[in-house]
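The chains carry the letters A, B, C and D, assigned in the order they are written, with residues numbered from 1 in each.
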Amino acid sequence: MLERLQQARRDARERSDLTRLLGHCRKLLTERGESNSVAIATQAIEHYRRLSGEALREFFDLLAVEFDPDPGEVLRLAESYAATRSPENLVRLSRAAEPPRQELLRRLNRAPEGTGTIVAMRAQLLQRLRSDHRLAAVDADFEHLLGSWFNPGFLKLVQVDWTSPAVLLEKIIQHEAVHEIDGWADLRRRMEPDRRCFAFFHPVLPNEPLIFVEVALLPSMPDAIAPLLDRNHPAQADPSRFKVAAFYSISNCQPGLRGVNLGNFLIKRVAERLHEEFPRLKTFCTLSPVPSFADWLARVEGLESPRLKPAVLADLERALQGLRQRHGGDLAKLLSPAAAATQRGEAPGEAVPAGVEADELALRRLCAFHLIHTQPGEATGSDPVARFHLNNGARLERVNTRADLSRKGLRQSHGLMVNYLYDLEEIESNHERFVHGEVNASRAVRSLV
Amino acid sequence: MLERLQQARRDARERSDLTRLLGHCRKLLTERGESNSVAIATQAIEHYRRLSGEALREFFDLLAVEFDPDPGEVLRLAESYAATRSPENLVRLSRAAEPPRQELLRRLNRAPEGTGTIVAMRAQLLQRLRSDHRLAAVDADFEHLLGSWFNPGFLKLVQVDWTSPAVLLEKIIQHEAVHEIDGWADLRRRMEPDRRCFAFFHPVLPNEPLIFVEVALLPSMPDAIAPLLDRNHPAQADPSRFKVAAFYSISNCQPGLRGVNLGNFLIKRVAERLHEEFPRLKTFCTLSPVPSFADWLARVEGLESPRLKPAVLADLERALQGLRQRHGGDLAKLLSPAAAATQRGEAPGEAVPAGVEADELALRRLCAFHLIHTQPGEATGSDPVARFHLNNGARLERVNTRADLSRKGLRQSHGLMVNYLYDLEEIESNHERFVHGEVNASRAVRSLV
Amino acid sequence: MLERLQQARRDARERSDLTRLLGHCRKLLTERGESNSVAIATQAIEHYRRLSGEALREFFDLLAVEFDPDPGEVLRLAESYAATRSPENLVRLSRAAEPPRQELLRRLNRAPEGTGTIVAMRAQLLQRLRSDHRLAAVDADFEHLLGSWFNPGFLKLVQVDWTSPAVLLEKIIQHEAVHEIDGWADLRRRMEPDRRCFAFFHPVLPNEPLIFVEVALLPSMPDAIAPLLDRNHPAQADPSRFKVAAFYSISNCQPGLRGVNLGNFLIKRVAERLHEEFPRLKTFCTLSPVPSFADWLARVEGLESPRLKPAVLADLERALQGLRQRHGGDLAKLLSPAAAATQRGEAPGEAVPAGVEADELALRRLCAFHLIHTQPGEATGSDPVARFHLNNGARLERVNTRADLSRKGLRQSHGLMVNYLYDLEEIESNHERFVHGEVNASRAVRSLV
Amino acid sequence: MLERLQQARRDARERSDLTRLLGHCRKLLTERGESNSVAIATQAIEHYRRLSGEALREFFDLLAVEFDPDPGEVLRLAESYAATRSPENLVRLSRAAEPPRQELLRRLNRAPEGTGTIVAMRAQLLQRLRSDHRLAAVDADFEHLLGSWFNPGFLKLVQVDWTSPAVLLEKIIQHEAVHEIDGWADLRRRMEPDRRCFAFFHPVLPNEPLIFVEVALLPSMPDAIAPLLDRNHPAQADPSRFKVAAFYSISNCQPGLRGVNLGNFLIKRVAERLHEEFPRLKTFCTLSPVPSFADWLARVEGLESPRLKPAVLADLERALQGLRQRHGGDLAKLLSPAAAATQRGEAPGEAVPAGVEADELALRRLCAFHLIHTQPGEATGSDPVARFHLNNGARLERVNTRADLSRKGLRQSHGLMVNYLYDLEEIESNHERFVHGEVNASRAVRSLV
């Protein structure tokens, strides 16, 4: 009873906040609002922050309905422009075709904490979008504006290390999405002299990393993740030993910036920066997971490819069948004996269970097959990590078995990891080929299929 | 002969730069360019910087011709959207109606010095625009983007004082547009404890002030500029004496940001900041020139106003005729005797030339009349300074004679200056009334007409 | 065999370093050295850092023997000064009586890392001093110079919080000497808004905290340590609730600065700073251990005091005997039942073991007796923490039982802790009285004896 | 009458300040004062700052009289130490022989603005010292302590350039003692890319440069000052052209630091820093005035030197007489015709007045003679600039005529300037030889005599 009353009171309060918020939004777009926009935007943001549940839903709905362009006017101006391609007609048309929501967001952004609030608003909007397709145009406006504002030309590259503020390091621990950081001692290893961490910041959000990447400086291209993360692995302090920079983790921190490409720019800017610091560094590569592999392998029915010869396809098909036979069709525990042995630290001389070598070769070949068929668009069954790096212009360089023996690594990819290579000379042509459906792979990878 | 050869060589070089620049611009907008856009944009900017004269003109022409939206496609999508108001249709339409130039500029901005270059490019474009109207839509795109990027939410307010770097102070000296700063000793007075200077900066242009305002902290509203600038006037160090903050100069530093409203935001943010620092400060006003007054007075034929009674108009008309008679129709030297006397520092007891008092009253009345009829639009004969402050929501507070006896002050406004008052409570309603053609003036000003 | 060879090689190397070091030291004190002293000092420091064991011992011995003043010359100049008290005679005498070691250290300090090395050298010297009394004068010179260089006027007060660099926070964890910090989560609680940590730094040692103090901002004077350290205790974010600043831990980080009084200055400067930030803070006190108490209680034979009446002494004596009888003479486990109960979180209603209340009162009384007899000098059996705060001018304010139930707290002081009160008005007189043997205690403490 | 009354009131106020100041000073040295020394020192400093005239004189007198060591005690302890060279005896003796003034200054230094006040106090003391020799021991204590506190190991080297705060640049203009800076435009030339300015700062006086040096980066060793200072001389921006760093001006800013050697350390640290920045820089030299030369030349009677052969001396003597004859014994206007011609910018082909060439050679020879006989001590008639650089270990490299044609340059040295060369390999031996009376001069200079 009491609870219901309290809920009713909260609802009434939120309804009042919503009403005022909408009042402020409308005023911001009028002449009257323009002269005092910072004050109005500040109040609007305060009201917005108090919304939740139903009131928030309504707010987004109204953003979708009320702040669209006027179809009739746009059509009229499009006809004028088609008739007379004058600058005036074009200016009028462009203005009319831009949804007024964009100007609304630009004016909200004038408030002291405007930018952070708009990023947070987008994050909430994206959650709604999953179940409410009508918000797609609203979301497109957010993405368009945030893309313009978080233009890499505006971002600051910051090296994160052990002299960084604890409050920032804490956020790194929290947002690391690829290889979990298990507390401060674990983090510390990733800040040693042979490791690097770089983040992008926007100048008006000085305490919020947008995205960060972790790099290992190594004598050669790595084929397993565990040694990179092992906090007892001694750090290499001699820079003359650094030949390879391996990007082993890249994590976004701001869900509200989805669709704003930051990772591509981050990787390339970090590569440049490292190259300046260590002119001998020649190889920039990743050590990446293949999160789609186990799933694909479990479900794939027949291997098809317009690019491979039938004989090759048949051979790969045999490898797949072999695998399935050896594991009774249940691939879930594939590699476990070997992995467990490795984790137990057994001597290499121990008897390897029969078939393990055959398994591993089969896995590498099938993984290569899977990745070579990565498609550029979003809606395919391709590996997302592969799509990201290939789209950035990287090359599929090497497939490594027993590379990630963590529970997650075994479950997602039977322990496989991949190196993608960033060769600045090749980036443009690789990207272009990928866009046209062709994956650039090293000779070694190609020899697997 | 030699010169002609050198010129030919320069032309050929510039032509080559232009060709490459256009190549990079086109590539930036392709898929291939996207993956390597920072590198391409960096090269494009290098080529752009080497252009001048004819090649530069061609570049802007091509921006106008080649990067427009496709009229047919926009029309088709506008029809679809008019038929079915779906999110998809809207998204497609908005994208198609935005000139591709905007995306080009966003990609150029990814280069390390992108933003500064784009601002400089706009400044050059504006010079061309004067004589070539076809660039109007190109300019609208620059203004639109720069308005979004130099959103006040992104700008940093910086206090400029005697601890600021010399390189910044030098720019203040150079850009001061209202009351010239005559060297460092002159500047120093404007940095004393009873003066303030604040500038807006964009985070990626840390060495370039965008706009700055100079403020005097005073015991009362000032009625003349000379004491504020007098470098021998002793500074008031006791903050308890500060009752009025008088904005006596505001100067833009970046011609490339024309049309991006910064002054309005700067004045209000500075007012807030001063109010925080000195809670007793109650009055925020300006001491402003009336640059249009002498011209208007020389040319005006008959006074008309729908808002004033015929009797009042007749009275003002008589004042105008009196002025003209006393000065033989030549108003050019009006006020000079009195001004000269004041400048010579003569004792107030000296005989004031006959008619001076009548002149001064007439001037104040006619100036009030002139300013009360300030129109909001751009194309009128209204005073531009009045339009700026009234549009910001300020009130026309007081008209002062013998307020600026500098050569420029006498020539432009017969020595008159005006106080505009910023009252935070009134800003919105003042602005709205002004937009509808009505100027809010104090009782004192109204009593003049 | 091999090991012996390696040791011999190391010895030879160190011997060579020692020889060179002494050469540089001697040269530094000559005219020739003066012109190039920074370079020579830099080399000297390099050689010094390679010394250990026997070579290091010899170096300190030589410092003691070779760099003493010349007794004959000092005597001659002292006689002159006694005969004629002229400025010249005084200047000559002062110069001659200062051991040349001091000038040597001043010149070594000119090297880039001179100061840090000299502090480290002192720390090594102090270890030798324990077993080699002849180094006392050498140590006096170090203490004299370091006292002059680490003058509080040169030190920087730095607030340490969650925005501090991890490398600094790590040092706080490492050096906390009073209440151990158990990892980063534990530290974080001490950095919340109702806690403060301040450290002194020397400008040339920017990464080395010298001493730090931890403070809790509380509504009232605390009587137990556990709630202050409990990482699950919610932080009080409302500053209007802060009435008391309780210094609950103070730790030196630099053993080489022993004898250089920093704690006294740190506490007072922090008190001032907190008072500026929170003008309502009125009470500045400590919550301090009594590390000497259990030992004293176990050994004390008969209570004597010139200041107390025989009847009081007899009463206290009875309390002591009562304690001993209840615990069979073995006070080691005193308070354990109650402590254990508290730690188990038993309800307060539980039956308290018989005698516990009597025990607690007896402990408080005897502790008050012990502390009231704290002596100012160094060589007594007095409590060192009491001596520190009383010498700073604090007042003995309250004795709390069951205040520190950690193993260390129970072992050292049967769980007792004490509040010392810093009242700025009283500091001078308290200190003076303490120097003359009298401890200022609150009425409450006095009523215990 | 009124004035006398006001003076009497001021005197009474100062007398009261003096009484309190002395009270605080005495208290600071007691036990009671120790516990609260920062507060007491702060008050003492406030009272000190209000003293002037007579009261200030008395304060210094009392410092001399009251805070001396006790002659009897020192004598007694010197006897003990002579009898038994124990550490305890030494410690006691050192303590007793140090004037208590030093501890007083150390405690005053604990106040927030202590260090700056003590430096200012020394400056005032030095003015008194000129007329009151009894203050010599007081001054020795100040010098001793300031020497220890302004140890180069504690100083920060700061590059001063056009990005420095105006308030700092203003101090550079004000303190430049060698070649006056005529306003900001003049300063700006000295901050261009081929000029450098470096200053030493003490960490607790962040706004007070202690000493600064100005350097020109040049293709060869300069032989005249005017081109270095000429604000119209275009700056060389290409670092590959920098072969020589010429120190052309060094100025102390703090009279209170007299006797604390900073210049020596500054020159060498700047040389190191420049060498790091421009590894091709090989030559570090000065272009220095010879302020004593004209005076010496006017007064010298007969040339004597134990180091030169009689024939050489006779030859030099003839040169001297020739000079005097050509100028009628009045050397005051020597070089003026040539100098005037140069200043008028006359073409080199113009007829040079008869005798000018002979004059110039004579001047160079006699200047070389004068400088080669520079003595290390303070009380001789040697050139102070020569003494400074030779004592630093520099070599007398070259004597240039018509090098400084400013009025001051002509008056002090008939327009001559000298290059001193800093060769890091030679510094120690040069210094040692100079201390023993021998000046290291280049072959070119030696060939002049």
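We adopt the following convention: a residue touches a chain if its C-beta (ideal position, glycine included) is under 8 Å from a C-beta of that chain, and two chains touch if they have at least 3 such contacts.
This structure is a prediction, so every number in the text was calculated from the model and none was measured.
Enquirer: To reach chain C from chain B by way of touching chains, what is the minimum number of steps?
Expert: 2
Enquirer: Considering only mean CA positions as chain centres, point out the chain farthest from chain A.
Expert: Centre of mass proxy via C-alpha means gives D as farthest from chain A.
Enquirer: Can you give the whole-Å distance between the Cα centres of chain B and chain D?
Expert: Chain B and chain D have C-alpha centres separated by 52 Å.
Enquirer: Cα centroid separation between chain C and chain D, in whole Å?
Expert: Those two chain centres are 43 Å apart.
Enquirer: Averaging only over C-alpha atoms, locate the centres of chain A and chain D and give their separation in whole Å.
Expert: It comes to 63 Å between the two C-alpha centres.
Enquirer: Which chain C residues reach two or more other chains?
Expert: none
Enquirer: Throw together a list of every chain pair that touches.
Expert: A-B, A-C, B-D, C-D
Enquirer: Can you list the residues on chain C that touch chain D in the complex?
Expert: 31-36, 38-39, 64, 68-69, 71-72, 74-75, 77-79, 81-82, 85, 87-88, 90-91, 93-94, 96-99, 106, 109-112, 114-115, 133-138, 140-141, 144-145, 147-149, 151-154, 156, 203-204, 264-265, 268-269, 391-393, 424, 427-432, 435
Enquirer: Please name which positions on chain A make contact with chain C in the complex.
Expert: Residue positions touching the partner: 162-167, 169-170, 183-184, 191.
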